[in-house]
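First chain written, first letter: the chains are A, B, C, D and E, and each begins at residue 1.
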Amino acid sequence: MMVMIPEFAFEWIIPEMIVMGCALLILLMEAFSGERDVRVHSRFLALAGSIAALYFTAAGWGHTAGIFNNLYLVDNYGTFFKALFLVISILICLGSQRYLERHAIVMGEYYALLLFGVLGMMVMVSSSSFITIFIGLELMSISIYVLCGLLRENHLSVESSFKYFLIGAFATAFLLYGMALLYAATGVLDLYELRDYLGSGDFFLTPTFMAGLAFLTVGLGFKTALVPFHMWTPDVYEGAPTPVTAYMATGVKAAAFAVLARMIFIPFDMQSALPYWQELFWLLAILTMIVGNITALVQDGVKRMLAYSSIAHAGYLLIAFTVGNIQALEAMLFYLLVYAFMNIGAFTLLMVLEKKNGSPLTCEDFSGLAKRNPFLALAMTVFLLSLTGIPPMAGFMGKLYLFGMAIRAEYYWLAVIGVLNSVLAAYYYLRIVMFMYFKDPLQEDRVISSAGPFAVIIIAVTVTIYLGIFPRTVVNLIAYAGFAPF
Amino acid sequence: MDVITLKWLLFMTVALLTIGSSIMMVTRRNPIHSALWLVVTFCSIAVIYLLLGAQFIAAAQVIVYAGAIMMLILFVIMLVRLEKEGAEERRKSRMKYAGAYLTLILFLELAVISLTFFMTGKEGRYTPEVMETAGNVRAMGGLLYGKYLFPFEIASILLLVGIIGAVVLVRGKATRRKTD
Amino acid sequence: MLQDIPPHLYFLLSGILFTIGAIGAITRRNAIIVFLCIELMLNAVNITFITAGNLYNSLDGAIFVFFIMTVAAVEAAVGLAIFIMLFRLKDTINVDEINLLKG
Amino acid sequence: MSSHIWLIILFPLLGFLINGLLGRWMPRKLAAWVACLSIFASFAVSASIFLEFLALPPAERILDLDIFPWIVSGDLQVYFGLRIDALSLVMCLIVTGVGFLIHVYSAGYMHHDPGFVRYFTYLNLFVFMMLLLVTGNNLLVMFVGWEGVGLCSYLLIGFWYEKDSAANAGKKAFIVNRIGDFGFLLGIFLLFVSLGDLGVWTLKFSEIAPHATLLDPAVVTWITLLFFVGAVGKSAQIPLYTWLPDAMEGPTPVSSLIHAATMVTAGVYMIVRLNFLYSLAPDTMFVIALVGVLTAFFAASIGIAQNDIKKVLAYSTISQLGFMFVAVGVGAYAAGIFHLMTHAFFKGLLFLGAGSVIHAMSGEQDIQNMGGLRKKLPITYVTFLIACLAIAGIPGLSGFFSKDEILWKAFSAPQGHTIIWLLAAITAAMTAFYMFRLLFTTFHGQCRASEEVKHHIHESPRLMTIPLMILGFLSLVGGYVGIPHVLGGENRFEKFLSPLLAPQKQLAASGWDISFISQAWAATTASPHETALEIALMALSVLLAAAGIFLAYHLYLRRPGLSSDIAARYSGLHRLIENKYFVDEIYDRIFVQGVLRLGRFCARFVDEGVIERFVNGTGSTMNALGGLVRRVQAGYVQGYAFGIIAGAIVLLAYMTLRPLY
Amino acid sequence: MDQSFPYLTILIALPLTGAIILLFLPRENPGLIRVVALVISLLEFAVSLPLWFLFRNDSGDMQFVEQAPWFPEWGISYLVGIDGISLLLILLTTLLTAICVLASWNDIKDRVKEYFVAFLVLETAMVGTLASLDLVLFYIFWELMLIPMYLLIGVWGGPRRIYAAIKFFLFTMFGSVLMLLAILALMNSYAAQYGVLSANLYDLYRYVPPLSLQYWLFGAFALAFVIKVPMFPFHTWLPDAHTEAPTAGSVILAGVLLKMGTYGFLRFAIPLFPEAALAFGWIISASALIGIIYGAIMCIMQTDMKRLIAYSSVSHLGFVMLGLFAFNTQGVEGSIYQMLNHGIVTGGLFLVVGMIYERRHTRMIADFGGLSKVMPVMAVFLMIITLASIGLPGTNGFIGEFLILLGAFKFNRLYGALAATGVVLGAVYMLWLYQRVMFGQIVHEVNSRLKDLTKREVLILSTVVLLIFLMGIYPKMFFRKMEVTVAQYLNFVSAKGQVASMSPSRLPVNMVIGK
């Protein structure tokens, strides 16, 4: 039997190659150059690589191809997410330098792992086969297990890494079991083949198949932090170094949702299993929103609060799956984009404010920020309002889009619960605004942010407001992205 | 004794062994014992693979799992000091056992799912006849370097990341870290 | 005359192992044993893959298992590194004693 | 001329504005001049119009002027407009005439008060509002004046705002008036809504009148009753009279002007103004007469036992207002207005006299501490005596003519009744009694004041006594404009007003006395119009008055101790009367405390207990739930793993079982 | 109509631009910031004045309409325009803002820059809300109002400001998010019939949603507006917010923000869902009636001046709502007029209280008494404003209350009669307040040293008082602006209500406002 070595279509995976190349280069450099150089060069390389990759990704916009025996898809959907991951990577590289210095993480591995994580995400969202998805997922996860534990002397960081690893591996078993059961029920591992097979008509919903879907939901529910698979999230987010938290909250979440969407929308579009799945998502969405918000309500630590709020946002995003059509998917894409900017902005602010002794930031630490640094306070307000979903911030447009889809599909109660949850969320988001503006500062000294975080915050604020007022271009772009692969 | 009966016999034996050894693994206090019981489990699972005609995987199972991974784990167990699990706080352990019993529901569900299995899947092209001619390992190799070359490459990066990660996490303390 | 071994039994075996692994993972206190239990769960999954592959004359399952093994190896490496790091820092890898982060 | 009628209201307004805006920088004297002159100018305009009117045939004695559109909303087309006719002209003359005198008097009386300018500002505003009330050509303009005088009353009663009692009294007056206004407003609404169906949207009297008969009689009854509620409030009738005695906290000239001569009579004026409606509502008329006579009697009975000179006069005012309502209630509108006018003279005079006394007594108001002032305050005494005689109804004085007219009408008019007449006549006797009790106790006998006060007693300055004398003169002769036919007069007053008044017979003509009450009523009414009877009744009432005076003379001059003996013998009754039947206390208990209790209930129970508890409860529930979820999040990784397992169990069960049903 | 000049856009953008300019001024120079803020607010007022003169009274259509595409795929556009109703409210807004800036002159010493920035942003939001003819645009401005107000209360407010600010925010947001869903559902339902999404009021007015949907949508809209108004039993945020807000914040809150609720009914809830509005009107009316009486009774119990005025707002806005739901000319015109009145009068009351507070740093009624003696000028102003609040004829309050009561009476006699009791109760609490503050002896020694009003304060209050009399004596001037609009509105509502009850078919185009 002939071994068919596939044509290696490099021209389609230039961004991936650049990212990987940069990561490897950083590793090499780490081995062969001095500490100062590493600090500067690795950051430069990571940034330059991400930007270059972003450029090529953007250049690939509009192209569609299935490469490596159709295991790897190049399409606008994937391109959108790749670009998003690269932007996240750029922002995090930009914003985290001071943080790394303060915590003595000067290793190039940080950037390398960051890029490997991005590579994993890129592979994930471009895959059409369970195998590739799984490999990409693991590449991303393993990078992040390590990233979480980068503060090796910090109990919280190590604990976070430890917990994430154990529970991640545990959840992976469920994910794999789900894939295995699907395989047992259908005999295929490729999403398109699955679609063709399911569409061929000689298939019915066996318990095995449904169980496979259930386990798949469990596994990805873990990654997307849906209740009740969310419980690791606050602990891991809190303990991890803040840039990594930002990375997880935006990148990992986006990647997981992207994959979940692929899994649902490629094979199960218009299929008989979908309604049941949608019902499940309806339930999960509500549960996730409520639990996330209610628990966030009682948090003192800001990072932990943001962690819970990210759970709640996952709940909002699930609305897209409940609705289960392409337009809803576009809404989700838009929301993820917006969410990335506002969340990274908020986390970058946390990095700036973080205390020397590393104890977790509480609301009290935000006291009087409006006096200590009015700009930062204003920026934080923008992010928080955007997270709440108050116009004219982008978060509002995101919610408008998502809830609009829910309404259009006549999921009225889901939408009602969703918006009521955002009222609940307003309470804890505004609490920080309250501390920033209404209370007197605990220390009088001005907070100064260095250039990197400052740039990130500026970018995030700009995008958050811009997309809040002029969402049209991006939404239309996404509409293009959303339609393309299916 | 015909082949089928033999297969049955073998299967039953190995399956029971697998289950038994895994139960032993879970219940042993001494982690080293646990690890060793797991080696037994892995090996017996390799036999199951053989029964299912997956020779390559069976071999890999023994080599990679029972061999490499378990050795690594045993090393680490020894490195981090043998630790016996003492009496746990009652309440906590009771909670855990409650969890364990509830997990039996999961088992029931899995059992139902397994037993109500229908062969609804799509037939692949690697029929026993094909395998006869090509051979399991060769077919596997062809797929890995052919169709699945891309994940294979990514897996290599994954391994690299694993190495780097392990090194990053456990290498000597950074000499120039600030004291906090 | 016996039939060939039905796949149901393999699946059942897989389910049993998965459950045992899961129970172990939530009851044992030693992190390494927890990790072992998770490995057991992965193996249970592998049995399902191989069984299904065998059933449908497909090698994809076996390929998947191969990748799972790879990943398991990587996870073992990184996981053990994390355990060692944790042990260095806290002198224990008892999962019950690692709960600074909560609430 | 008609285009100049707005001058009548303009002058007081100017006076008000000048004093109000510039008063702070003006010398007091100038302010007083401005105030007095503005009223006098207004009086002059009124008088000139009056003279002009006399030259015109009665039917043309109407000047109607819409000045500018005021409230124009949909079909509501209300203009700010004035109307001068016989009725409003009479009122204008009274208001500006008496008002002018009282202004002059005030310049003396308030001479030492630090709020001198403020006082005249208010007073001018009051006159403006009162003139607006009487000259408004539609209900809404009238209502402006109606509320405006209430406001001025409030301001002037509370003029000495440092005194809590004054501030309270002012507030009480305003609020009680508001209750009346509530009725007035509803009356306007009902009238407008009913008229709207007929295409009348201006609320102008001149347009309502011709359409009045087209309205549904039952609705008219309601409308008139509602308006009457307003009148009850403004004119201090049962049950809303309690504010008036308290209003005596204000400066005495104010009591004289507002709470005797003008404002309180607005209710009467309003009913007469709307007589075309009232004449269509016999049931309402009955109610009015009944309320009037009861008030008259009731207030008179209280007046008997009061010792505060102003309180006595206040109750007397209430009582006399009751008389006026009896008059309008029995359809004798002209008689009502006639009495209104004479009452303005003598009651204004009485108050001014009382003011003079108080002025002399250094602020003392308790008649038990007075006595024998006759010698020291001769002018005051004489004028006071004239007024007393007038109010008692001694023939020849103004009060006699007007009061007798009312009594007669109460007896003879189709709406009248013997019982009403009887009560009114008894009240008249009581009036004579308590007025002379007041006179005797104050001016006769021994002076019971302290030595220091005694030392300061002096006749008031001329600025005060001249108005007294003028009013005294008017009290003497004011009645001669309306000498009844039976005494050989031709009742010019009634004739002057008659073009505006609904003919007495309209009731029968409209032919709708289907009402049970009015039918039963009519059956017992004495209908014959006999001169002999009228004279007899007149004589009877004079006798009654004389008896009252004699009784007072007997009890308070001849046998000074007797009154207290009687009081002691009937101590229960005495206490009841002395305490004004405890009406204030009852009102306080029921309404004031009731509202406060309701307020406490709303604040404590509804707002805090229910709504706020719910609102805050939602918050704390969320927090509690959050705490609960937080407890689950205990930090044990195996717990999290179990969470996944549990989720998987549920999802598995759901997904596998869901397709089955 | 001068179409060439974008008045409304300038009106919306000017304060925002001003706010941005303020951001770049040096924090160390509060005087400059004040002056700039004042200049901008006066400029804004000056720009709004031509609207008054150029407005065509004979047309009930939207005027000064500007439209720009914004997001056609979602059916939203930048569409602004005003009719007689919003014209008056916009003028009120610009005037009150200028007054408020002036009133905050000495009041605000801390973080002057942020204060005026918040204020100007608030003005943008308010004007935008009033001018929006696109539902989504409206909603954006509507929510935008929350943030600056939240800050105004929370940063420059009284001791319990944080509680009050959060309560204000959450209450309002609770209502408005449901309205957002209703907007989406309405657009969706419109799209189901016409095939395109549209948040454009022109389109949506023409559309008659299915009845069952209408009920829900009206409910959601009504909830948002009812909370904002606020009506019983959603009123409890108001006393807290009013009490804790700084003077100018209270003025704007009472003067404009509360009107947004009533305006919302007028512009959105009723004409979009006339059937439902007619069907549920009795609930609103009942709540309004309860509010009128309940608010008044609560006033009687208050010991804090601002709290008292806050409850009086509940009562007064009960009148407004009652008038709106009388569905007749008098009721609606009276309501609109009463909105203006309430803005001016209650704003005036808050201004006076603020002036007292500035001197004495307490708002408790019991701390005062006898102020007339030391502050005669203030006493006169407060008296006039109090009387206007009571609705004494000759003041603006009377016109509004009278028309509303008349309208309500026409609609249902019981409503009118019950509401009229509010007139009595209004006198009770306001006069009692006045008495306790101004009359009597000076009990507290501190009070005898209080200074009377400064020239700046006299200027501010004179404006208020002038308007009170102008509007009370010559209301025609204002009614002229709105009468055609209101007539058209009422025709439209009744026509659409009838059509809706007959068949869910399309309305004739000529029934649509302004097209």
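FYI, contacts are C-beta pairs under 8 Å (C-beta built on N, C-alpha and C of every residue); 3 or more make two chains touch, one makes a residue touch a chain.
Because the structure is a prediction, the values reported are computed rather than measured.
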Contact distance in steps, from subunit A to subunit D: 1
Using the contact definition given at the top, which chains are in touch with both subunit D and subunit E? A
Which chain wins if you rank chains by how close their C-alpha centre is to the centre of all protein C-alpha atoms? E
Chain pair, most C-beta pairs within the contact cut-off: B-C
Subunit A and subunit B: spacing of chain centres that average the CA atoms, whole Å: 30
Find the geometric centre of each of subunit C and subunit E from their Cα atoms only, then give the gap between the two centres in Å, rounded to an integer. 65
Averaging C-alpha coordinates per chain, one finds the centres of subunit A and subunit E separated by a number of Å equal to 43
Taking the mean of the C-alpha atoms as each chain's centre, how many Å separate subunit C from subunit D? 97
Can you list the subunit A residues in contact with two or more other chains? 131, 135, 138, 142, 145-146, 149, 152-153, 161-163, 166, 170, 181, 183-184, 187-188, 207, 211, 234-235, 427
Contacts with 2+ other chains: residues of subunit B: 92, 96, 99, 103, 106, 109-110, 112-113, 117, 121-124, 130, 139, 148, 151, 155, 158, 161-162, 165, 169
Two or more other chains in contact with one residue: find those residues in subunit C. 7, 11, 14, 18, 21-22, 25-27, 34-35, 46, 51-53, 55-56, 58, 60, 63, 67, 71, 74-75, 78, 82-83, 85, 95-96, 98-103
Return all touching chain pairs. A-B, A-C, A-D, A-E, B-C, B-D, C-D, D-E
Considering only the defined contacts, which subunit E positions touch subunit A in the complex? 70-71, 73-74, 111, 114, 136, 139-141, 143-144, 146-147, 150-151, 154-155, 161-162, 165-166, 169-170, 173-174, 177-178, 180-181, 184-185, 187-188, 191, 216
Touching residues on subunit D, where the partner in the complex is subunit C: 630, 633-638, 641-642, 645
Note: in the complex, subunit A contacts subunit D through residues 162-163, 166-167, 170-171, 174, 205, 207, 210-211, 213-215, 217-218, 221-222, 228-232, 234-235, 272-273, 276-277, 279-280, 291, 294-298, 424, 427
Sort out for me which residues of subunit A touch subunit C in the complex. 130-131, 134-135, 138, 142, 145-146, 149, 152-153, 155-156, 158-163, 165-166, 169-170, 172-173, 176-177, 179-181, 183-184, 187-189, 234-236, 238-239, 299, 304
If we count contacts the way the header does, which residues on subunit B are in touch with subunit A in the complex? 109-110, 112-113, 116-118, 120-124, 130, 133-134, 138-139, 141-142, 145-151, 154-155, 157-158, 161-162, 164-165, 168-169, 173-174, 176-178, 180
